[in-house]
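Labels for the chains are A, B, C, D, E and F, by order of writing; each one numbers its residues from 1.
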Amino acid sequence: MTGLLLALAITAAQVLLGFAMACAAWRLAQGPRAQDRVLGLDALYVNAMLLLLTFGIQTGRPLYFEAALVIALLGFASTVALAKFLMRGEVIE
Amino acid sequence: MSRRLPHPWLIAALVLLWLLFNQSLSPGHLLIGTLVALIAAKGLSALRPLPLRIRLSSAIPRLAVIVLVDIVRSNLAVARIVLFQTTRPRASGFINLPLDMRNRYGLAMLAIIITATPGTLWMRYDPAQRSVLIHVLDLIDEDALITLIKNRYERLLMDIFE
Amino acid sequence: MFEEWPLFILFVLPFLGSLAAAFLPTWARNAAAGLAGTIAVVGLAILIALYPSLSGDGVVREQIQWLPSLGLNLQIRLDGLAWLFAFLILGIGALVVLYARYYMSPADPVPRFFSFLLAFMGSMLGVVLSGNLIQLVFFWELTSLFSFLLIGYWHHNQSARDGARIALVVTAAGGVCLLVGVLLLGRIVGSYDLDTILASGDRIRANGLYTPALILILIGAFTKSAQVPFHFWLPHAMAAPTPVSSYLHSATMVKAGIFVLMRLWPVLSGTDEWYLFVTTTGLATLLVGAWSAIFQQDLKGLLAYSTISHLGLITLLLGLGSPLALVAAIFHTVNHATFKASLFMAAGIIDHETGTRDLRRLSGLYRAMPITATLAMVAAAAMAGVPLLNGFLSKEMFLAEALAEHSGTYIDEALPYLATVASAFAVLYSLRFIHQTFFGPPPTDLPRVPGEAPPWMRLPVEILVLACLVVGVLPTLTIGPYLATAVRSILGDQTPAYSLAIWHGFNRPLMMSLVALVGGTILYLIYRKPLNEAKSSPVVGRLKGRKTFEAVMSAIVAGARACEAVVGTGRLQAQLRVLLCIALVAGGLPFVHFGYSLGQAPGTLVDPAFAIVWLIGGACAIGAAWQAKYHRLAALILMSGSGLATCITFFWLSAPDLGITQLLVEIVTTVLLLLGLRWLPKRLPEMWSGNRWPPSVLLRRSSDLAIAIAAGLGMAAIAYAIMTRPPPDSISRYFLERSYTEAGGTNVVNVILVDFRGFDTLGEITVLCIVALTVFSLLRRFRPAPESVKAPVQQRVQNAFDDAHADRKIGDTVADYLAIPRIMMEISFPIIIVFAIYILLRGHDAPGGGFAAGIAMSIAILIQYMAKGARQVEAQLIIRPLRWIGIGLLLATVTGAGAWLLGYPFLSSYFRYVDLPLFGTIPVASALLFDIGVFALVVGATVVVLIALAHQSIRVPRPSRPATDKEEGA
Amino acid sequence: MEMVIALAIGILTASGVWLLLRPRTFQVILGLSFISYAVNLFILITGRLRTDAPPIIAKGDGVDASLYADPLPQALVLTAIVIAFATTALLLVMLLISRGLTGTDHVDGEDRDQ
Amino acid sequence: MIQAPDLPAWAAIIVGTLVLLGAAITLTGSVGLLRLGTFYQRAHAPTLGTTAGMACILVASALCFSVLQARPVLHEILIALFVTATTPVTLMLLARAALYRDREEQVAAEAAGTRKKGDTDLPA
Amino acid sequence: MSGWAAHLVIAPILLPLVVSAAMLLFDERRRKLKRWMSFATTGALLAIAIILLRATDPYGVAAAPLVYLLGDWPAPFGIVLVVDRLSALMLLLTSVLGFTSLFYSMARWDRAGPRFHALFLLLLMGVNGAFLTGDIFNLFVFFEVLLAASYGLVLHGSGTDRARAGLHYVAINVATSLLFLIGVSLIYSVTGTLNMADLAARIPLVPREDLMLLEGGAAILGIAFLVKAGMWPLCFWLPGTYAAAAPPVAAMFAILSKVGIYVILRLTTLLFGDGAGRAADFADEWMLFGGLATILYGTLGVLSSQTLVRLAGHYVLISTGILLAALGTGQSTVVAAALFYLVSSTLAVSAFYLIIEPIGRGGEDEVAQAIAEPVFEDEYIGALEEEEDEIGIAIPATLAVLGGGFIFCALLLSGLPPLSGFIAKFAIIDGLLRGDGAVPPTVWALITLIILSGLATVVAMTRAGIDLIWTPTERPQLQLSIVEAIPIGILLALCLALMVQAGAVMEYIERAARTLGDAALYTSAALDAPRAGDGAIAP
């Protein structure tokens, strides 16, 4: 019984995170300025990371943790590059 | 910071990192972890980072608790703003925060704290004027906020890093 | 055996001589001429020595194995006809060599001339001595080639170049037709062997392919022997040095066509088609050539057209199809060769001595060069058909044949009259040639003062003219037996009775000859003056072969260009459109044919979160497609959105390795594209506002949209069809079952990558290595567009801001900007290194591996570059990425090759469980070393690519030179 | 679920193809990236849909292959990802060079049409 | 894909609650991304996800795996550390860039005389 | 073949790989060393190819292909390399072109940009791999290797034309590679295997309802190969790209389109050989009509080409068209002839690309400028100057040599006697006409087109040759160095040798065609190859 409840809760959480991603994606697609899009992308990455964590809980496999770790540790690189591009016109000076 | 063992703190942290990655405390991993940490530390020292001194004091746990509490509080505050304040334009705005702290690591820590706390956003640090520009989502009392940050965070951070 | 070796020597000697002459120094003209002459004389001697074995129906053969599987061997076959032609080729060749020795200027590179001449001689011999039709065509084309080189020998003259080109194109085209014709004969008979083909005449004539084969062979023969309407190349070939003309256009090149007609006469003749095509062509050529010759002002031009006319005569005779006509044709071929060769040589002497060949300027040369004049007159008389000369004899035979009944068509009716008219023309132009040149008032205003030619130069003419006389007077004693052998070799038992006597009585042919002689003389007397004014021959002159040829050629080229523009494109978009359409059609047809069907595999339930993820991914994809033109950055960010959705799918579909790798690649790709974005131009505002696109644009876009949708639907449909089917029995079962037991890894994907299919990985990292090298070397010479050379506008604004404030230095803004983030980015460096090593080492057992680790490592470096700028990082970190690449590649390869030492194939992994004191039992696999190689290479390659790009902004471009400006302006 | 993935592949392909046919080099490069996403997914699903069955086996003998997702397509995709990354980098540099030398970012190196 | 790990009831309830809570907080933050008016306001929103939202889910995950593997699984703390350390970097850089871009736009608008009265002044 | 010799099969791939990897460890200054390294490598490759050729063709024995199990995993699970007579022949051809092109490049082209030798060797590696591999996905990988190297080499020497053409080349080939992947994965989705021999065994067992996927995959795969081979209308990139490439590179590229042909030949005979029914006929029809269209297009292109390099590119199309159409007629009598033509035309085109450059050279020299004129200040140019004129003695009678070479090429390309081009075309037409039944109209069309294309080549080559060589101009004296002359001479001499030794060569090629036609031989050799050990070394 609790197993089913847990399953439902996780699924519901995934749906919520999915909506969160959708919000971020909306910002990403809509703009209006480039910085909004970058912000959207950053949020999208974070939400995706959380989604992957819930996958991990759901399956009981630690594999998804690695994926989340990658996003957490390295995901900021692309956002940094984008921000720097906006500020300086190029990524590496 | 001897030549033989640069950044002992760092190496210890990296070994810990390795062990956490591998979720193991086996002596083998300890060995490999040390090796890896040495390599990584060598990489860092090639970048010639600023020297880091951390004063171990009670400031660290205090700061941690304060920050945690503040984060939870401001989470709630921001959630409320997002969910319930629909139409009224919020009184958000910029404040200029003069700082006494000069240590870069301290500043970085402060930046993390301020940014990680929902509702405040670290925007620009001006070393010449020694001030930082902060955007605040729900700006009610500018001076109160400045004193709050200076008292609650900056002082503790200065304890730790300077 | 005795008879065969000489034949082979005869066959190869000219080619060897040609090769030898080609290597003689330019000044060695005596040596070259001597060599050529010796070869011709030796060949002649061999030929004469072989003659006895031809008596009766004798044929000498020699065969050398060459390409037996295709029925092609080097078959040398000497029979009477071949002997006669070979005699002409070698005999006149020897004389031409002698003549050329004195004719050619010492300033010319004469050895080359003789080299070509010898090669040509060899090719001609090859044609006549071929015992195999393909071989015949082979040498036939060689004659075209060498005649091209000979005609174009003075290639500094425009006319020589044009003449050579026309001759080559026409004769080579004809040769190709001949080849196809011969191939058809080969298909009918089943062999290309001449004897076999000659024996299957009836079979060939009865076959449905006979007519096409006949037409093709005739085209070949006619182009070579300058028959109407292909005759125009011959006059233009007169730009060649005169020895060439006298050789090629009297005895050899043009006679090759005649030779083929004679050779295949037993097989092809005797049908209505043969009669119709050959007779008509011959007749037309006879008349057109004679008529045109009358109006020529150039000595060699006159001779050229007369040659055409005589070739027409021979063709006509061959076309009549009767054995007697064949005899006449062979006889006339020999006669024509002798008198025409001598006439060309005489014309050459005149040209040589006076400096001009213009009939209008020449006059009264008899006084200056009496011997030459006499010789020329005798030869011209032979050409005109004056009795007691060889030309008369064969012409009488021709006239007799013209009178005989052949087919009962109108051609038969008209032939006697037309033959007489043509003969009269021949008299007319011969007379004009002689009279204008040698008689009349002394010449004035010639480029040179004329005198008698050196005796050695005259000698060949003398010999030939003597031959004309002797044959003319004593035909049966001289040419008779040889002619008989030649005729017998073609006709065999059907050889008719004929007589070579000078006097056959006062019969109709003689009457016709007399009419022609008298008529021609009278005509000359009447029209002497107006002929000198003629610019071109009336009526026929309108048919300007050369102009038509050039027009046809340029029409072909223009047509080709136009067609190419229609069926081809140089534009990338069009090419991609075509590619996609074809792929769609090709991929779609099987579905149309077999019907689209779904499988019965049970489906999986829709996961709502996953559906939302793809809602986002799809929206991002469409958004990116929409935005990419004007909002590149937006499109790039949107692409990352889709990429993220793809990564999540990988995780969700049980492919964690892929997910991690794709995530990392995603990050690097984004940075990479951003690095490139800096060098792209600012987007211009949209040209067509709103929805009012021009129709062409609308059409293009809607067709692109249709292709895109079709491709999308197609892929979706195929993917769906696959997913609904149960999986086949795949080889991957093996991998799963052996992965741990035989390769020591639990992450099967990684084991496949580094062990089962490690070779793929080796190739893949090689690709990465190549790309890195390419990028590195390309960017070494990167020349940015002028407007991108300056720093980006942001930097200029910010630097200006710093400059404007007294308390700031330039660069302070960026320093402040990065001051705090830099701390965190620096700290991340060792952490990411640890992480990279972690995923490298555990790759064999869990998701990760060399590639992912390498990318992670390069991201660590990349972050430092972003935090500090290239200069500062490179002052601190010494990264030699190319060396990393090399070491990585070597490590991977050497690990693979290590298996050789144990006698195993490349990449066999060494793997063992080892007990180590601190670690317990762990698997030690050589695959790990391989993976480390991959890691090193990936780090190196990624860093090279990123850093090479990043370096572009810190390089200082040179001021561009004026030349480059021009280049860019164009 | 199959339908979702099929549609995802379809949309990625369609967007990619549309971009591939555009006249600007940057669009082409994005288009190729999109198509390679689609192709990577496509290769993956040739091993059929398997959720929660990553091909990471337990140590020891007696592996039941039916419990795991097909590892081979995954390995192929990994190779394909690497190669796609490499070619993207190369194409990018190529387009920069072309842009620098011809002065335009049109795929044909000259602005024939807008 | 309805499935769940086999957890004891107490753990299941805690994990389920935490996961739901975390997801809800994250969603709230992302909704903020949609609803807030200016870029600077929106920049605050995702921090909900990177702090409380993430924390809840990480705790849930740690608990879940600790129970499953019957030993303390702590490596989730790494994610928390990394995210906390890297999010400020991106936000700082991005916010500063936005500030610059907005300033430039404002300058341009002032030059063109199209600047509206209501716009707030940005710090120099 | 046993012991160490057994590993020779993989040497054509590994040797260039290792040498080029080693070259990366030296920097640009060690140019002379790199030169010798790559020269020795190409020489060694030539020797290996000859040994392999002999090994696959023992006297009087119906030789099974040599099989090399990579990683000692049995087929169809691991990757196998398979050398039969055809692949050995292609290897030899590649090595010859590699040797001569590299030789030629040492005149000066290897200095026109950095890292030439490494890229060149890696190109050889890719081509050799494509000829050797017996695994369809591994084939993809080697295609990528050779393509990646060719991308770099196309732009070697830089310049606007190269950039423009290179961009098209890359874009189209990247798109094609994606098609390749789709095709491979479709085939895998139905058969569950990637090994070519295993595919041949499994394809007859594919249920009818899956045939749409299989054939769709095969068709898409075919398109990918046809793009590489250059079939109309997928070929528009080819002339421009080859024209833009530096001469030694273009000369090496002559083999690239033949890789496409080779793969098509290999896969159609293996997978869709006898008994495959509809699919085979279907493929044949596409190839036949596509080939005819390609010949036609190439002919138009040859006629309308303004420059010799473009002419050569269009000639490549003609040769592709002839090969495709000849193979597409499905007549077994023509396969050997087509292979002979493949060899001859490849050598000829390669020689032609090499000779075009010295003929057209003169006046403004873009490359020389590129060498002398670095774009950026920070470029290192020292190495380029130190050994100027080290090799490259001009040879006398340049005009005669060039003219002679040009004529040789013209004869080869147009298929006129006395060189191998004639034999090749004759053999094809003869093979086409050899059948017993009535000759179908398509075959007549093919014969006509072969003839017409030859004529068009004559016309165009005559025009161009006369203009370039015979017409006096103001430009400086033509120059040709020994280093340039020798490779051209080697290639032309080989064509001459092909003619003189046509019998022996043809016999070999016929044996190669027979082994090619015997799919069962290939399949059993590949699938039953013994492993070196009983599994990996046991623990």
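Please note the rule applied: contacts are C-beta pairs under 8 Å (C-beta built on N, C-alpha and C of every residue); 3 or more make two chains touch, one makes a residue touch a chain.
Because the structure is a prediction, the values reported are computed rather than measured.
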Shortest chain-hopping distance from subunit D out to subunit F: 1
Core chain by centroid distance, with centroids computed from Cα atoms only: F
Remotest chain, subunit B as reference, centres from CA atoms: C
Counting C-beta pairs in contact, does A-D beat B-C or the other way around? B-C
Separation of the C-alpha centres, subunit D versus subunit E, in whole Å, is 29
I'd like the Å distance between the centres of subunit B and subunit D, where a centre is the mean of that chain's Cα atoms. 39
Averaged-CA centre spacing for the pair subunit E and subunit C, given as whole angstrom: 67
Once you find the CA centre of subunit A and the CA centre of subunit C, what distance in Å lies between them? 60
Can you pull out the residues of subunit D that are in contact with at least two other chains? 20, 25, 28, 42, 46, 51-52, 54, 56, 72, 79, 83, 86-87, 90, 94-95, 97, 100-101, 107-108
Multi-chain contact residues (two or more partners), subunit A: 11, 14, 17, 19, 21, 34, 38, 40, 59, 63, 69, 73, 75, 80, 82, 84, 86-87
Going by the contact rule already set, what residues in subunit E reach two or more other chains? 1-3, 29, 31, 43, 45, 50, 73, 75, 78, 82, 85-89, 91-93, 96, 100
Of all residues in subunit A, which touch subunit D in the complex? 59, 61, 63
Write out the stretch or stretches of subunit A touching subunit C in their complex. 11, 14-15, 17-19, 21-22, 25, 28-29, 31, 34, 37-38, 40-41, 44-45, 48, 51-52, 55, 63-64, 66-67, 69-71, 73-75, 77-78, 80-82, 84-93
In the complex of these two chains, what residues of subunit A are touching subunit E? 1-14, 16-17, 19-21, 23-24, 26-27, 33-36, 38-40, 42-43, 46-47, 49-50, 53-54, 56-60, 62, 65, 68-69, 72-73, 75-76, 79-80, 82-84, 86-87
Any idea which subunit E residues touch subunit A in the complex? 1-7, 9, 12-13, 15-17, 19-20, 22-24, 26-27, 29-31, 33-34, 39, 42-43, 45-46, 49-50, 53-54, 57-58, 60-61, 64-65, 68, 73, 75-76, 78-79, 82-83, 86-87, 89-91, 93-94, 96-98, 100-101
Which of the residues in subunit C end up touching subunit B in this complex? 807-808, 812, 816-817, 819-820, 823-824, 826-827, 829-831, 833-835, 837-838, 841-842, 860, 864, 868, 873, 876-877, 916, 918-920, 922
